[in-house]
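You will see two complexes here that share chain A, one where it goes with chain B and one where it goes with chain C.
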Partner chain A sequence: MAGYESGLKVTQMTLALNLVIALLLGPLMAGVVRKFVRARLHSRQGPPVLQPFYDICKLLGKEDLRSSSSPIVDFAPIVVMAATITAALLTPMGMRSPLAGHGDLIVFVNLVTIAVVGTVMVGLSSASPYSLIGAAREIMMHIMVEPVLVICLIVAAVKAQSLLFWHMAEGATAGGMSISMVIATIAMLMAMQAQIGKQPFDIAEAETEVMGGAFVELSGPRLALFQWASFARQIVYASMLAAIFIPWGIDLAPPWNLGAHLLKLLGVYVLVGIVDVVHPRIRVEQAIKFFVIIIVLSLIGLGLAIGGY
Partner chain B sequence: MTTQELATQLQERFDAEQGEPDGLASPGWLSVTVCSDRLLDAIRWLWEDAGYRFLISAGSDLRRERGKYLVTNLFAQDEHGIYLAVHTEVDPEQPSIPSITPIVPAANWTERELRDMIGVVPEGHPDPRRLVLADDWPEDLYPLRWDVEHGIKPPPSDCQVPREPPPEGSSVVPLGPYFPSLEEPAYFRLFVEGEEVVGADYRGFYNHRGIEKMGCSVLTYNQIPFIAERICGICGCVHSTAYCQAVERAAGIEIPERAKYIRTIMLELERMQSHLLWLGIAGHIVGFDTVLMQTWRMREPIMWLSEKLSGNRRVYGGNIIGGVRLDIPTEVHQDVLDMLDKLETEWKALYKSIPGDTSLMARLRGTGVLPHELAVERCVVGPTARGSGVAIDTRLDHPYAAYDRLEFEKCVHDGCDNLSRTLVRLDETLVSIGLIRQALQQMPDGPILTQIDEDIPGGFEGFSGVEAPRGEVVHWVLTGDENRPTRWRPRAPTYANLQVVPPMLKGSQLADAPINIASFDPCFSCTDRMEVVDMRTDDEYD
Partner chain C sequence: MDPLTTAVVVLLTGALLTAFLSRHRLMAGYVALASVILASISLLRLSLWIFSHGPFETVVPLLRLPVSGLRVHLIVDQLSAVFLFIIVLVAVSTTWFSLRAMELCKARSLIRFYPALLLFFATTLGVVAFQNMLVFLLFWELMTLTSYLLIAFETEKPQAARAGLLYFVAATVATSLMVIATTILYAHNPSHTFEFSQLRDTLGTLTTTKPVLANIVLALFLVGFGTKAGILPFGFWIPVAYPAAPTVTSAAMAGIVTKLGVYGTVRVFLDLLPPSELSLVWGSIIALLGTASIVVGTLTALQQTEAKRLLSFHVIGQIGYMWLGVGIGVAMYHLHPAIAVLGLMGGLFHVVNNASYKSLLFLNAGAVEYRTGTTELDRVGGLMHIMPVTTVSAIIASLSIAGVPPLSGFTSKWLIFERSIMAGLYVPVFIFLGLVAVFISAVTLASFMKFLATLFLGDLHVGEQVAHREVPVSMTIPQTLLAIVCVVFGVAPVPVLWYLYRGAAEILPGMVPSFNSLVGTSPFRVNLTLLGSNSAIGATGAWDPLLVTAVFVGAMLFAYGISRLGGARTRKVPIWLCGEEHSYQEIMYSSHSFLQPFNRYFCRLYPELPVPKMRMPGLLLKLLNPDTWITYPAERLAERLARAQTQAGGRALVVYLLWAVALVVIVGLVLLFAHT
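And now, the complex of A and B:
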């Protein structure tokens, strides 16, 4: 019984930890990158580090205006937020994830897809042509990028002989780097850039082309939820990348394993931020061509992993 | 061919008489009158055989002076350096003239404007819609007739806006009425299938400010430069320079040498800041905000320098008829040179890095193709033309100010795409740096303003082209008696360039539409001066 209780305690602690990381560290990291990477490379002062929080708070306090009576607009933001938070609870963030034993790779991929589908549904429920185009682009990008994500995670699963993320993370750390994992890491980085809508893949929301795409008709609290979920989603992907594909530090004693994770997260964010700043947006068909190559690359990685490399 | 030979030819072929009294009787300028029966023949010969480029037409109400309307078509021959004005008198009882648009497609807008503003109907014009006037503006009220007062406001009324229906199977994606990435009033309706643009409809002229009417009814000669500069928010100096040169030509005023050099320097400063501004916006449009931030940072010292010279962040208020009002004293020369050195270093580094940026090249190369033939046919100007291999540059073809004494070359690229237009502007900025250095070195001492003691006589015409950052600005002036022109007709370069956008957009990707439009560096407010419009895909009148 003692073991069960201590296990419960760990779960409660990591539950709180993952929630804090996803909901609070997400916007904070975005603010840090905006201020110290993006603005510096632009020769600008940049907004305050806490600006993402100010934005969210301001939007949450606004009147709930809506342009469509569709019930989708009521539920989608909540569903997207809930799916993202659940995905965050499945993700190892320095320590064993709170839902580690309750969901695996397949659940995670489904949760991620639910979040994207929610966004697409909101876009399609509006009559604005920008919104429709944005939704179409969002789904096109997702169709190209999701396979990369799945294949890369399967590579890690094959290496660890388990579909549970915690096993993958531990297995990767214990086993060290292999050729297949290096390939998967590279593919995963590319996929992440697209999943979180950073340049050169800011295609679905392209401000100067489709005015924010699927979100163009949203405002107030609903927009705030989408933005917040988007910050959380970034940290989920970054954590996944940091925990499984950068195999270092996870076996350190607490709280050093958490510290190592945060350090890796910062590295991933800075890298993503730099790539974002030095690229223009490419067109959707150029992105699709690009990801066909990445899918082939990650399949090669998978083949190597199955072959034991 | 000299202007004298041209006059003889036109006389023999089309009974064209040289105008009198004539402010244009100097080398490089010619003004003739052709009767309306021979007009089409004359235009066809000029356009098809003699290699003339259409600029603009102007309608003037001369019922008080001569009992006629006057329609003036302006042409340029760039090889021989000739500007030609072809006048046709129109009887007020029968206000119509054969339309030249079927021969010269570039005359489409200006002939519709003629119908809207003066009420002279171009017979046989393919597009019956209004161009400039609002759709609910009363019939039979023609703003530029002398007996229509300045500042009248007819009450608004309900009316049907004639919009082009989208082709079957396509949906409409609006860009505007407030152009989202250039923050100006312009309304493109893109007809889209999936991600492909299959057609476009343009509606503009929302920003009419009645500037021409004001110039011909309220202001005096020396007040107009102030208003002319405000035609454009970015390149104002080109308009006041072109206006002043046109009036100076009409009145036969010779301006001091030093003033010519100062005008040159002001114009080149303006070109540099405008090209930097454009590059930044182009970067922003393709989602490359780093380009926006860095080019605008590089642009800032030019603005500071302008402020030092003129008191404004752009060189405003410098021009006046007879010369310039602001001097560039020797103490400031070093500041200018320092600014140029810094800009040149940074600009060269930027220039070097662009071809190496594969994702930027993927957005620019091969997109927004404006074929050479289309560019020639629609008489586009400036970097838009030079990016399609049309080697025209007013500074060299029809020299003004001090350009004939400076050494430089035309920047021409023949890729016909967004990349070529970008490279033209990158090159031109370096050329501008060289031009300012030369001008500062050569600038003679002396007065900057010719005193004008006598009134400017009425009934003369003057006409001047200036190479603005966006292309050739043309101002045509007919002097009048009340210390103001009878007719003043400015043409912004975007007026010529914008007409080619709908045919060019056809077949492009939706994602490329904003950068394709922006690659022309359109300035909607310059073009509008006046009131409402439509534009169509080319197949409607082809």
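And now, the complex of A and C:
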């Protein structure tokens, strides 16, 4: 109880840590995977590791071209970025998250939904058919993928008998592996690719097909915010998977638990990167069929968790 | 005279006055507003008194019923006080809004509107104020009658007449089922009274001695309250009645009538029914019906293209959340009081929040209708350019109903989700109900994004003759008031939860866990705990609206700063269509196609019920149409008298005012006489 109370304080250290991981490590990891996994598998040189940062900086100075006068286009990038940052502050990243005692699973799910809806609204507020198709696909993917995330997190919540992420992470480490958690981990890994918009599930953006989907009409700083938020979102999901579903390292002494988390993150990123390279994109109805199976799988896991397995 | 009777008398006087003043449309509105505000002051004082002193009890002088020497006690407990607050909030804002909104129905005399509206508010007070089943049913049925008059206000419209009839028949059948249930209880009550305290014992005995009969009684009550609340299979009248009624009526009814259905459910299933195995079964049924309503109501709303119809389906969906919360409270109380009380508080909190934002949304639709003459989502758009206040309040209400933190709808939904997941540890079905509710919450958001995007955001397109102005101040004030409630209850939920806890704890038997053990000790943050199971952990859920909002706003400022960092210039360009040229109309995305891929998968979940064509005996039809036998004769009489007075030298207005004074004096004398 005392440990919990002390954890309620927003410590500046974890605040800085989570912000650095989400905003700086996110693009960096993407650059690393691009250079050392993706390019290596393609047998080519690849862009510099810091290329994502160069892209963001360049876009911030570019002209902001508007094809729609809707205020959604003004607000959505900012809201999406803010929702992603707030979600990142709720996510355990090696240590107790800065907002640990101030929000829980449901708050996190709502913040993630706000980010997705913001993206969809940008797509819908433009009259470009590409952007409309992208937005519609984004909704469909969200409706199919979000349940997997929530159900898997609820499995962990049931095991820990708490909806706070820190308890879920600690409970998973202390309780060891159980059948339901193994199933949930598998389901989370399967859904990971779609959650962060990588092949074979980059259906909504699909650059070669609908030219970036919802983002087709965006340019300059607004596109930069969306890209940055997308890097941050990738690392938030990866951290969720690493902290709660890979039950190792949370209970190490302070600098080492962070190290363990970064190691786990790297593992997740490399895995996702490899799958991304070796798979072609699939169609939306194929994705839906795939995720129906994953949802059923995770529901079975939830049933087992309630049963105590 | 006690505050409640004062309020009722003020409302009745107001009803009489507005009946006589109905020719002076604006003046009738002001009189109605004045009486509603006076009554509200009295009721708010009563609510505050109850929250500081406990239940308010008195014998009403006017209601010494001649039935078996019955002296009806007026008992307003803390649960009722919560509903009094809702009635006050909705009554004041809708009446205020109606001042100018009723200009839309210029062809109809207001003699059928304001008196009915004020009588409707008075009857709703009666519903929550008595702990006596007979009086409760009496006011319940009077409420049906007055709200029927309100729905069928524009009788020359066929859909309004049909909607009114449908509502009346549905509500009356439901009430008759409740009368049967009450009669069964009365017959088995040794002391033969209708007092709740006696019926509680009777129902308690019945559950052990005659369980089948007890189940029948509970089922009858469930159907009765479910019909008024608008829960799935019984709420078929809502999408027919609300769009057909004047918008002010829809706002008042969506804010009050459906909520009183929840009040009745809480009264019967938590207050009258002792916690037992039976309440587990019935609680699960309530939660299941609630979840079914959430799914079907919200998914059907997604396909609507008319604002009021869209909102009506969301009424069904939102009632589902309340029933889910109440169901958890009913089912879990004897298993795990902490989960049950919080579930019930979540349900009640959702009732309060829903009353504010659902009324507000209907008022928004009313404001759009007032300015543009239509509520079709595709016919108008971009209203933010001419109606900023309405737009901002519509955005707040939409985000609130969609459960976007930190607005009020989020906190209540959050409580319901949390508790259904925790209840799932004991009764697994609840976890799946909670899951469904979480996902449909995202669908609600999508649906209201469509509502906002098509009506308010984007480029302005309205008809030729629409004035480019905000609606009058008398319509923006109530919208602002309700929007403030949505924000305040979301940002500072703990004081509200404290009042709701008092209301819930009062009707629950046995040891109710203390407030601090349920939601923590912080006045700003809600820390949920799960007593008894894993106490080493402490809190199991947390929501800190102030801090998270501050972080969110900080992050928004940061993001804005980043976007300005490069000093990028803005330039307006046409849409890039790969070099081809299209007109806007060719590629326009209307509300029909908005969520088409989604609709393809979930279409036709809510079948259009074939409503049987009903013919009623002529006498009943005539009775139901008080135009012919009371309102018009009364108005003619009043007019004749007034004309006679005017001819005698006085001026009409002065006479009316004199009449007003005379009436107050007469009513006062009657009360004095009755009291002594």
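Basically, the second predicted complex is superposed on the first by the 299 of 309 C-alpha atoms of A that agree within 3 Å, B and C clash if a C-alpha of one lies under 4 Å from a C-alpha of the other, contacts with A are read in each partner's own complex, and residues count from 1 in each chain.
Following the convention adopted for this analysis, a residue touches a chain if its C-beta (ideal position, glycine included) is under 8 Å from a C-beta of that chain, and two chains touch if they have at least 3 such contacts.
From a predicted model like this one, the values you see are computed outputs, not experimental measurements.
Once chain A is used to superpose the two complexes, chain B occupies space next to chain C without a clash.
In the superposition on chain A, contact is made by A:282 with chain B only, not with chain C.
By the touch criterion defined above, A:79 reaches chain C but does not reach chain B. Touch criterion met: A:146 reaches chain C, while chain B stays clear of it. Superposition on the shared chain A places chain B and chain C such that, viewed from the Cα centre of chain A, they span 110 degrees in steps of 10. Of the two partner chains, chain B is the only one that A:200 touches; chain C does not reach it.
By the document's definition of touching, of the two partners only chain C reaches A:217; chain B does not. The wider contact with chain A, measured as residues touched, comes from C rather than the other of chain B and chain C. When both complexes are overlaid on chain A, the residue A:292 reaches neither chain B nor chain C.
In the superposition on chain A, contact is made by A:208 with chain B only, not with chain C.
Looking at the shared chain after the overlay, A:121 reaches chain C, while chain B stays out of its contact range. Contacts of A:67 after superposition on the shared chain: chain C is touched, whereas chain B is not. Once you line the two complexes up on chain A, you'll see the smallest CA to CA distance from chain B to chain C is 6 Å. Chain A residues 129, 284 lie at the interface with chain B in one structure and with chain C in the other. For chain C in complex with chain A, the touching residues are 384, 403-405, 410, 414, 417-418, 421-422, 424-425, 428, 431, 435, 438-439, 441-442, 445-446, 449, 453, 457-459, 525, 527-528, 530, 533-534, 536-544, 547-548, 551-553, 555-556, 558-560, 562-577, 584, 587-589, 594-598. By the touch criterion given at the top, residues 171-174, 180-181, 192, 195, 283-291, 293-294, 297, 357, 359-360, 362-363, 509-514 of chain B touch chain A in their complex. The part of chain A that touches chain B in the complex is made up of residues 41-44, 129-130, 133, 199-200, 202-203, 206-209, 211, 277-286. Considering their complex, residues 1, 4-5, 10, 57, 59-72, 77-79, 81-83, 85-86, 89, 99, 101-107, 109-111, 113-114, 117, 120-121, 124-129, 132, 136-137, 139-140, 142-143, 146-147, 150-151, 154, 157-158, 160-164, 167, 216-217, 220-222, 224-225, 228, 284, 302-303, 306 of chain A touch chain C.
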